[in-house]
Amino acid sequence: MQRIELLAFGQTEEILGAQSVTLELKEDLIVDELRAFLEKEYSRLSEINYSVALNQKGVEGSEKIKEGDIVAILPPFAGG
Amino acid sequence: MQRIELLAFGQTEEILGAQSVTLELKEDLIVDELRAFLEKEYSRLSEINYSVALNQKGVEGSEKIKEGDIVAILPPFAGG
Amino acid sequence: MKKKVKNIFIEGPILPEFIANSIAKHQSKLDIGAHDIFLGQVRADEIEGKRVQAIDYSAYNDMANEVVHDIREAAFEKFDLSCMHIYHSIGRVESGQICLFVFVSSAHRKMAFDALRFIVEEIKSKVPVFGKEVFEDESYTWKVNK
Amino acid sequence: MKKKVKNIFIEGPILPEFIANSIAKHQSKLDIGAHDIFLGQVRADEIEGKRVQAIDYSAYNDMANEVVHDIREAAFEKFDLSCMHIYHSIGRVESGQICLFVFVSSAHRKMAFDALRFIVEEIKSKVPVFGKEVFEDESYTWKVNK
């Protein structure tokens, strides 16, 4: 198992009810598995088009999450 | 014959030595004939890429000049 | 060596005086012939019968600044620019106020036009900034860029 | 009925405060989402070993205002714009100072980008404004737009 700190912003923060949560997850988890896990815990997440960033970079679903990574779930961008 | 008031600006004004000159020209003169006439009188005109405007509109060489028209010879544009 | 990552965020609206100041600072750069500026302004859109009063911006600040840094580097690589400045509001910006200021300068206009467009599109699609559209009755909806 | 032809000319340089003022005036227009601004700045180009100190602008004023009027009408026809403002300097503008200010506003950025570019290209090629590039020793050459 590994411990992951998950950051949330705007609408994802609202859905999680917190700016960050700490999760206990299996090792070698990929992003798509994280998404499935989160959408089970927080069903409203599946209604929005959020993306996942690892260490401040947007990543694909097949990317592996390692202990110590900074993981963020980002609601749709609205800059400008 | 017709009497034409010719306006000049910037470099064409400098070549003519005046902001405007009054010319006695034959009737039904076309713009290309005016140009030939001017370039004979003011040879430096042939060295620059000037254009001709009739009544504040740029015109082609085949356009006829009529008594009372406002004729202008315009040096290259340099706006902006 | 990696260049220092700048902070693009300004608390609240971007004021016209700030823009004027930024323009004035470029008058000592004598190789610049063309400036091109984009300003994003908050619209009082009507959404399901309610009018947007303000947008409350939040961001993943560190990532946003990193992403803008990369956009900046890419733009300097692609276009022959003298200067580039990018600012975004954070916090509440009322409708009619300015929330995004992108300013590029070049010797000639073509580069400035091409670069500005590139940068603005990149910002809209890649920078993690989030907006809560607040209505007159203080209810809200979440803004999504198209 | 034909709309009134506006005067685009400003004596001397266009000041940053003037631009700020113009931006500020648009904060009451709540349907605007995007402003795009072009500024032409006088470059201290080196020409045959001498450096440009200033450009002394003159114009066929009446024709210039008429031509800009037509450009304005064409742009409003082609693009969905909320506002459009065009100013050009007349007289002496030092290097580093601003001589052209074009300001378009629209609900969305695409229209603003397309319109600004169209207008600036039209101004450069069609408006009878003439420029004497004055060197440090007060000798000069005549500027030609490319």
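Every chain is named by a letter (A, B, C and D) in the order it is written, and numbering of its residues begins at 1.
FYI, a residue touches a chain if its C-beta (ideal position, glycine included) is under 8 Å from a C-beta of that chain, and two chains touch if they have at least 3 such contacts.
Values in this document were obtained by computation on a predicted structure and should not be read as measured data.
Undergrad: Which chain has its C-alpha centroid farthest away from the centroid of chain D?
TA: A
Undergrad: Just give me the whole-number Å value for how far the CA centre of chain C lies from that of chain D.
TA: About 23 Å, centre to centre.
Undergrad: What is the distance in Å between the mean C-alpha positions of chain A and chain B?
TA: Each chain's C-alpha centroid was found; their separation is 72 Å.
Undergrad: Hey, how far is the Cα centre of chain B from the one of chain C, in Å?
TA: 49
Undergrad: Considering chain C alone, which of its residues make contact with at least two other chains?
TA: 40, 109, 120
Undergrad: Which positions in chain A are in touch with at least two other chains?
TA: Within chain A, residues 80 contact more than one other chain.
Undergrad: Chain pairs in touch?
TA: Those chain pairs which touch are A-C, B-D, C-D.
Undergrad: Considering only the defined contacts, which chain D positions touch chain B in the complex?
TA: By the definition above, chain D touches chain B via 40, 55, 57-60, 62-64, 66-67, 88, 99-100, 120, 123-132, 142-145.
Undergrad: If we count contacts the way the header does, which residues on chain C are in touch with chain D in the complex?
TA: 16-17, 19-21, 23-24, 26-44, 95-98, 105, 107, 109, 112-113, 116-117, 120
Undergrad: Under the stated contact criterion, what part of chain A meets chain C in this complex?
TA: Going by the criterion above, the answer is residues 7, 9-11, 48-49, 53, 56-58, 72, 74-80.
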